[in-house]
Amino acid sequence: MFAFLANPARFMAFSAWAAPILFAGALILFAVGVPWALFYSPPDYQMGDTVRIMYVHVPAAWWSMGAYAFMAGASFVGLVWRHVLADVAARAAAPVGAVFAAVCLITGSLWGAPTWGTWWEWDGRMTSMLVLFITYLGYIALWSSIEDEERAARLAAILCLVGAINLPIVKFSVDWWSTLHQPASIMRSGGAAINGEMLGPLLTLGGAYLLLFGALTLMNMRAAIFRRRVESAELRKAHA
Amino acid sequence: MNARGPFQDKQSIRVEALSLSRGQRILFENLSFAAASGDYVEVLGSNGSGKTSLLRAMAGLLRPSGGEIAIEGADEPSLALHYVAHANGLKRETSVREHLHYWAGLFGGSPSEDFVAQMLDLARVMALPVRVLSQGQARRLALARLVVAPRPIWLLDEPGAALDDAGKAVLNELIAAHRANGGIVVAAVHEPLGPSPSQTIRVSR
Amino acid sequence: MNALVATFRRELAMLWAGGGALTPLGYFFGATMLVPLAMGPDRALLETAGPPLVWIAAALSVLAMLERLFQADLEDGSLDQMLLSPAPLEGLVLAKGAALWVAIGLPLALAGAPVAIALQAPVERIPLIVASLALGTAAFVSVGLIGAALTASVKRGGVLLALIVLPLFAPPIIFGASVASGEDVSAAFAILGGCALGGLALGPIAAAAALRLQAE
Amino acid sequence: MNALVATFRRELAMLWAGGGALTPLGYFFGATMLVPLAMGPDRALLETAGPPLVWIAAALSVLAMLERLFQADLEDGSLDQMLLSPAPLEGLVLAKGAALWVAIGLPLALAGAPVAIALQAPVERIPLIVASLALGTAAFVSVGLIGAALTASVKRGGVLLALIVLPLFAPPIIFGASVASGEDVSAAFAILGGCALGGLALGPIAAAAALRLQAE
Amino acid sequence: MNARGPFQDKQSIRVEALSLSRGQRILFENLSFAAASGDYVEVLGSNGSGKTSLLRAMAGLLRPSGGEIAIEGADEPSLALHYVAHANGLKRETSVREHLHYWAGLFGGSPSEDFVAQMLDLARVMALPVRVLSQGQARRLALARLVVAPRPIWLLDEPGAALDDAGKAVLNELIAAHRANGGIVVAAVHEPLGPSPSQTIRVSR
């Protein structure tokens, strides 16, 4: 699969239909998941209706980490096999992941206000999520401050791999420090420990976020490849 | 007389179908030449034509967009060459003497203080920081790297810049001695340095 | 080997020249001096809030020295020469880092004693604070090498550097500060040591990889 | 007049190029993020100790931009050209300072809002904090010009700069922090304004005098 | 054709019994010369002899240890001269075009974009940051200050450094036009630039 897509022309052909399909899939899952979460799932016995923020918050948290893991993988491929498409993929995923991280932070603090009585608290998980968000910003800033694309790609890949150290810290911070934030109750060894009626919409929306991530990343990649093509066409014209 | 060891007749440079581009711009394509022990190659070309880029590519600092550069005959690839760039590679606050000792360590050689002081006329400024050197004195110090550590291949980018007549004469002597020892010199220049080149490469599109 | 020693020596000389360790210490003292000024003379407040701030001051002092570490080498052409040296670039980078730690990190750790006292840390905790700072600055320097190398070719790179490096500084700060406020000392030391070792292992390699890309 | 406008424009362009105000903001956010990390999650402590620390972070962010302000001009020969311009050097220095304030000081003041919230300042105090930061960064920049000019020819001048400048930053920090913690607001504003005005009057003159001595 | 106005025959430079020292070292003592409208003065001397120091003193950037320098005839002292130093005075991240506009503001003049682009062959790099310019292109840009704002007196420190033949020809044209306009040119050089000097100053102890 990867080897097949490694050719930019084949990738463009593939993504031309893959991106819309993913996007449509995301829309369908959102159409199912949002009403399910808002109207047909039970309120929490402690938190009442505010628990519905969870359906925005938790998938955003998952896929902000997932996006980073994807970037780290792509960066590794880009560094080792010097593959242009991997560089483009890592770069394309960054803004999407950054937005997910921002959504997680914002919804988390919106949720914190009624439940914990504070917008922000410096506990391990919130802090490490903030660190992840800043790492995204640093990655994007580094990319945009170096014009030479190839060099920017390699340097950003190094940064991405170094920053990946933060991922396990975000994931396990709640287990390592006993803090305000609840520990993982879905993605943990020993199976899910959450009300089944909540699990349904949560997983649906998790799927929706994933498809959205895929669609947006593919679209970003296509835009970047188009831009390169236009630039090199202009160059060829200039030198003709 | 100086620190350079004799190089046997086994050095060679082969540049084949080399293409270089900077940014979006193609500097030149399909440049080929070869040089062997004792050769002095002069690289000519107008401002911005790509002489510096060619030398940097030969030094391994710039990746060619096409073609090949093969440098052979050094005992170890990392001991093959010296590169004297436009930028002298000096620290403003570090003294001339400290530079010599640093390079001796960095490249593996001997600081050759006395030789440098005499030959390059830096005795008077040996203890001064680079900040107060005149332009020509700084250039002489950059050239001192050539004698601090022996290397078979010298890549020189306008080595005579800012040198007075005495300085240029010394440079020519160094080049002559290096060639006699079996070394190769490639120099990018605007005006011929003095020694008659074994070949002249003209860089342009 | 010689190349590493020569690099270490020269770097140390450059850092010590002209005031030397005096000046980063000035930054350290200055930054911590601002704390009581900003927080007011409330003693009890200072006692709890103050000691951990020693760590922030130390982190920022190291950060201030990192910006030009490789940028200057790139601009003046020294980086080319480092790349052409037969010594592995990783080693040269490590030597530069080691010099930075000896010239700045160690003095900062020692200066941590008076500063921590000024910020109302109990006297018996001082040796621990100094030891933890020595470890922590080693972690800062080694991780900082990566950021310094990544931003070497960036105009006004210092602030991008801060953006990149501060998240990586977070773990040593968190655990260092817990030493400073007297909690959980042995676990914190273990983690600090881990950060320093990890940084030492990873920093020079990642930084060298970045530097190879910086010379165009 | 033209010379001042041209200087202001070019300086602003250089500061905004490549990431722009994003990066000093990163430094600011990063530095303040470290505070709760170091002090731990104790909410009450943060509420009293936190808001004044916004000021320290702002001061250090400005400081980070000052180091190369004139040093780069000296090294690359631009300072010679400034000295040979028919425009008064004081004016050119002022224009550079103004650009620094617009590019860094103002964004920092605005960024003061979220940062102060994160450091647990009450929401109704935020507009005051932003306004006081805008004045305070003006004071920092104008006073900082002097330090930057004095240390322009010093190797690794940044830390010597900190040593010189941080004591001068103390008054705005003290009174700015008292705005941030909600005491004595009107008196503090008067004094902050005084610092900014005094800095504006004195800074460019003293800095220009220092710069004239730097060109050898 | 270009931005320089004609200077009347009233410019003059008088250097009297000038002594300069750097650090503890006396560079030269008792140097005197004078130049008037249309003159081209060549300053010669070996590396480190004090040519740069002399020009800096004439530009008012270095205080003489003795003697006097009088520059007369400019409407205002601050509009008297241009100084092109060894250091180009360029910002790595700023584009060629931005430099021209900045100087036009700083010195009071017009950016003369087209003239510079053509005459100095910088058209292709007009939008590029200085960082990517070749050595010679950067030098050309530094020389562009001369045409951006008119000044009766030009102090040039190795103006031809790094220039190719075409660049040197342009420099000579600029100098000739400036002299014809009544300006004065003082240039420190290692090799004669081309125009025959009205006088030659040799700097040495």
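Letters are used for the chains, namely A, B, C, D and E, taken in the order the chains are written, and counting of residues starts over at 1 for each.
FYI, a contact is a pair of C-beta atoms (placed from the backbone, for glycine too) under 8 Å apart; a residue touches a chain by one contact, two chains touch by 3 or more.
Since this is a predicted model, take the numbers as computed values, not measurements.
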{"item": "Best-connected chain pair, where connection means C-beta pairs in contact", "value": "C-D"}
{"item": "Farthest-lying chain, centroid of Cα atoms versus that of subunit B", "value": "A"}
{"item": "Separation of mean Cα positions, subunit C and subunit A [Å, integer]", "value": "32"}
{"item": "Rounded Å distance between subunit D and subunit E, as computed from the means of their C-alpha atoms", "value": "37"}
{"item": "Whole-Å gap separating subunit B and subunit E, where each centre is the average of the chain's CA atoms", "value": "30"}
{"item": "Residue list for subunit C, restricted to those that touch at least two other chains", "value": "14, 17-18, 75, 154-155, 160, 163, 166-167, 170, 216"}
{"item": "Shared-contact residues (touching 2 or more other chains) in subunit A", "value": "127, 131, 134, 137-138, 141, 145, 148"}
{"item": "Junction residues of subunit E - those touching two or more other chains", "value": "22, 86, 92-93"}
{"item": "Residues of subunit E that touch subunit D when the two form their complex", "value": "22, 56, 59-62, 76, 78-79, 81-83, 85-94, 98, 101-108, 145"}
{"item": "Subunit E contact footprint on subunit D (complex, rising order)", "value": "2-3, 5-7, 9-10, 13-14, 17-18, 72, 75-78, 80-87, 92, 215-216"}
{"item": "Touch list for subunit C against partner subunit A, complex", "value": "146, 150-151, 153-155, 160, 163-164, 166-168, 170-171, 198, 202, 206, 209-210, 213-214, 216"}
{"item": "Subunit E to subunit B touching residues, read off their complex", "value": "22-23, 45-49, 52, 86, 121, 124-125, 128, 132-137, 139-140, 158, 161-167, 190-191"}
{"item": "Subunit D residues touching subunit C - in the complex, by the definition given at the top", "value": "14-15, 17-19, 22-24, 26-27, 30-31, 33-35, 37-40, 42, 45, 48-49, 52-53, 55-56, 59-61, 64-65, 67-68, 154-156, 158-160, 162-163, 166-167, 169-170, 173-174, 177-178, 181"}
